[in-house]
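These are the structures in question, set out in turn.
What follows is chain A paired twice: with chain B in the first complex and chain C in the second.
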Partner chain A sequence: MPIEVRKPGLSTTVQDAGRTGYYDLGIPPSGALDQYSLRAANLLVGNPVGAAALECVYLGPQLVFTEPAVVAVAGAEMAPRVNGEGRPLWESFDVRAGDVLDFGYIKAGARAYLAVSGGIDVPEVLGSRSTYGLGALGGLEGRPLQEGDTLPLGAGDGTAGRSVPEDLRPALGKDNEVRVVMGLYDHRLTEAGRKTFLDTTWTLTPVADRIGFRYKGPALETVEREQPFGAGHDPSNIVDAPYPIGSIQVPGGVEPIILHRDAVSGGGYMMIATVISGDLDVVAQSAPNTRTRFIELDLDAALAARADHRRRVQRLHEALG
Partner chain B sequence: MPRHEVVSPIPGVFYRRPDPDSDPFATEGQNVGADDTVCLVEVMKSFHQVPAGAAGTVVEFLVENEDVVDAGQVVAIIDGAGDGG
Partner chain C sequence: MTTAQVQDARYSWGGDEHIFVELAEDMSLQANFRAMAITKLLREQRPDGVLEICPANASYQVRFDPDVIEPRALLAQLQDLEKQVGDAHELTLPTRVLEIPVLYRDPWTTETLMRFRDRHQDPEATDIEYAARINGFADADEFIAAHSRSPWFTSMVGFVAGLPFMFQMVPRERQLVVPKYLRPRTDTPKQTVGYGGCFACIYSVRGAGGYQMFGITPAPIYDPTQKLPDFSDFMVFFRPADIVKFTPIDRERYDAHLAEVEAGTFRIRTRPVDFSLQPFLDDPDGYNARLLEVLRAD
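Up next, the complex of A and B:
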């Protein structure tokens, strides 16, 4: 097998563009939380944009290559090293048979994507190689990497020395803005509750993971009501409804949670807003203690932001085409 | 005497004890081995043990219990055991 896992890192998983079409059955899309960085890493090594790569969270793995390959790391500022020698981020480089690839401490962001020419060739499950940990599905045996694992690679023909231009690399910081469209259950908030949500600088808690990102801040005031048939007694309860990826629920009116790509597909908490698709990448790169403001967009502005995001992706393709 | 910095490799919540009812892993003035756990860092609902990294005497902890730390942050200082420690 071309890659041996000497140290697994904190939670390194195989992820691709995601597993679409099964959320109605309770199986979430999974896939890279930061889709832009996955795409960039794959383009750098000459892979199809949705090829499977390694998502490395907070602490990277240590890998031994038994065959030569071209690799690239994009996303979080977690500098790769080959045999202890530093290599650039957002740039493809060669590894030879016997080389050891590992990473320095993470300096900004949360998730680095390591793409290898040919892609990580684990079997597809329901049309995707992505790991869904809660369901023990996909990836390598449905779980994060462990010491002693081996990873198969597909056939690739990458080129070293290709890089993403500076202006196409995301800015990573401890203060960010995440754009949202309000609804569908924001009518459960009072005017004051809504204002609190949009005026607060929220702090990301360390429990944030691939399922949800939970933020600390003040409680949100809800409108008094009679408990509807089928809903729980808490003011934040609704009659069960599907949860969109990116929806923000506020159980008990405290600590909003952004659901991400390993989310449960439905439940009984009010969703007061939904993160626009492009900004899910921003959420993905948030480390504990990141300060976040939620910025309200109307639907037209959200669609314009999506068009902007697509143009940026297009420019990335042109730069690395 | 070599001074060794114990660094948290991950961001998260810093804990001095394995659980709230237990004694701390290590206290100032205590001798520890290189592989001894001196603290925990919690992130993504799991706990990561941080070893001393060098044998010697714990000089001080630089972080309060339950503070949030960054990856690469120095959390404690060990006074090395002397020759090669």
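Up next, the complex of A and C:
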């Protein structure tokens, strides 16, 4: 068995590009929360971009390799070590049979992606190897890694010493701007409530996981109304509706929650905006206490931002091609 | 009941990859039926670039890849489907009628609700006693009779994997309405039969929840290991438009069903049926009686 898990880390899961087509039955896309970093790590070790890797949150695992491999770590600033000796981030390197790989303390960001040449070869479920913890689905037995697990690997042929150019590594800071398209139920906010949402510098709480990211800040004022039949009693309640990935809901008018790739697929709280798809990577690298401003884009600006993101991904491919 | 004059749907962008469509602000079987009808047609057309089609109670959403399909072209297509479906009264949906056995006031949800009394509207009563009182019933037995008498229409599947939202097939004045907990619980037993607003649900997995807890079913409804025969095709049992009859059972029956689950022989009783909105609205009680005959027939 190629990789043995000596220490699991805080919450390490197998993730890939995610699944499509089951959200209507409550099964979310899952997959790496920071898709750009997953892609970079895979390209560095010569994998297909959507190969399964390990998503390591805040505190990385300690792993023993039983076969030689080429590995790379991208995303959060959590420097890898081999037998206690530091290795660079955003760069592929060799490990030999018997080597122990672990991580230093996290300095910036929240999630590091460890790709191994050949990819983590757990079985595909619904077209993906990603772990969906709430549904005990995919990944390794549908759960985060535990001490004593072994991880199977596919066949790979990576090369050590490849690296992502500086300008293609995301800036990780404690002050983020996250771009959103307003809409959904934003008409439930008063003009003042809407202004409060867009003018506030929000602070990420410790409730920040694969399902959602909850922010602290002032309450948002809602328009008074008689609640529609079936909507529930609170002014923030709606008749339970589907939740877009990246949508921002505000239960009780306080503490907005961004739903991420393990989202609950629907529910009865007003959503007032949706994070544009490319900026979900920025949210993914937010650690508690990160300060965040929400920047409003209209649809055309959101599509232009998407095109920018795609060009950046294209440059990443060219740099590592 | 008659079909109501339908209001125009409200369309909204959910970022660069979603269109959200609200068919009505308030819940009705008709709004749900329109969501089912429109998403059914869209599934049949399945334009390139459409990734997810999610019908919900009185709304639906579509996730798309804007690099493949132009968002405004998709929006126009959805608006055409809205016109085509109209008030949906002529539509017939092939679906299933099925029976969910329920041990009401079971020991496990009772133990759980006692742990969270500080988050409840009425800490002195159980969830079902509270629901009975605020809906004008003399006691929990009367409430259970109303809850289990008329069937329910599965208006949405989701929240977590395979969880059905169900809307009772009775005129609005007979609908049961119960608020959610004041603050959500951090725990709910798997297969709890719950209630929030005007919706019944069955929790498919153990976890957090804000719906009132009335009982538990021995019937698994989500099985990622796909061991039981009900899951040979897929790990989620429920589909939107499933028609559900809750049947009260006692502890002995519950234990017998659990043994069948253990032995791998348990199946949810299910019969195919066609459902049409207008005949139902014309005579709900008569229509429901016929649905239950289909369920009982062998």
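The rule is simple: the second predicted complex is superposed on the first by the 321 of 321 C-alpha atoms of A that agree within 3 Å, B and C clash if a C-alpha of one lies under 4 Å from a C-alpha of the other, contacts with A are read in each partner's own complex, and residues count from 1 in each chain.
Note that in this section a residue touches a chain if its C-beta (ideal position, glycine included) is under 8 Å from a C-beta of that chain, and two chains touch if they have at least 3 such contacts.
Please read these numbers as outputs of a predicted model, since none were measured by experiment.
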{"item": "First, second, both or neither for A:Pro228, with chain B first and chain C second", "value": "second"}
{"item": "Which superposed partner A:Leu299 touches (first chain B, second chain C, both, neither)", "value": "second"}
{"item": "First, second, both or neither for A:Ile106, with chain B first and chain C second", "value": "first"}
{"item": "Touching partner for A:Arg315 - first (chain B), second (chain C), both, neither", "value": "neither"}
{"item": "Chain B versus chain C as contact partner of A:Lys195, first or second or both or neither", "value": "neither"}
{"item": "Broader residue contact with chain A after superposition on the shared chain, chain B or chain C", "value": "C"}
{"item": "Those residues of chain A which chain B touches in one complex and chain C touches in the other", "value": "none"}
{"item": "Parts of chain C lying in touch with chain A, wherever the complex brings them together", "value": "12-18, 20, 22, 24-28, 51-61, 63, 66-67, 71, 156-163, 165, 167, 172, 177, 179-180, 196-199, 204-205, 207, 222, 224, 235-236, 238-240"}
{"item": "Chain B-touching residues of chain A, taken from the complex the two chains share", "value": "10-11, 57-59, 105-107, 206-209, 287-289"}
{"item": "Chain A to chain C touching residues, read off their complex", "value": "20-27, 125, 132, 134-137, 142, 180-181, 183-184, 228-233, 237-242, 244-247, 264-268, 271, 274-277, 299, 302-303, 305-306, 310"}
{"item": "Residues of chain B that touch chain A when the two form their complex", "value": "7, 9-13, 42-45, 48, 68, 70-72"}
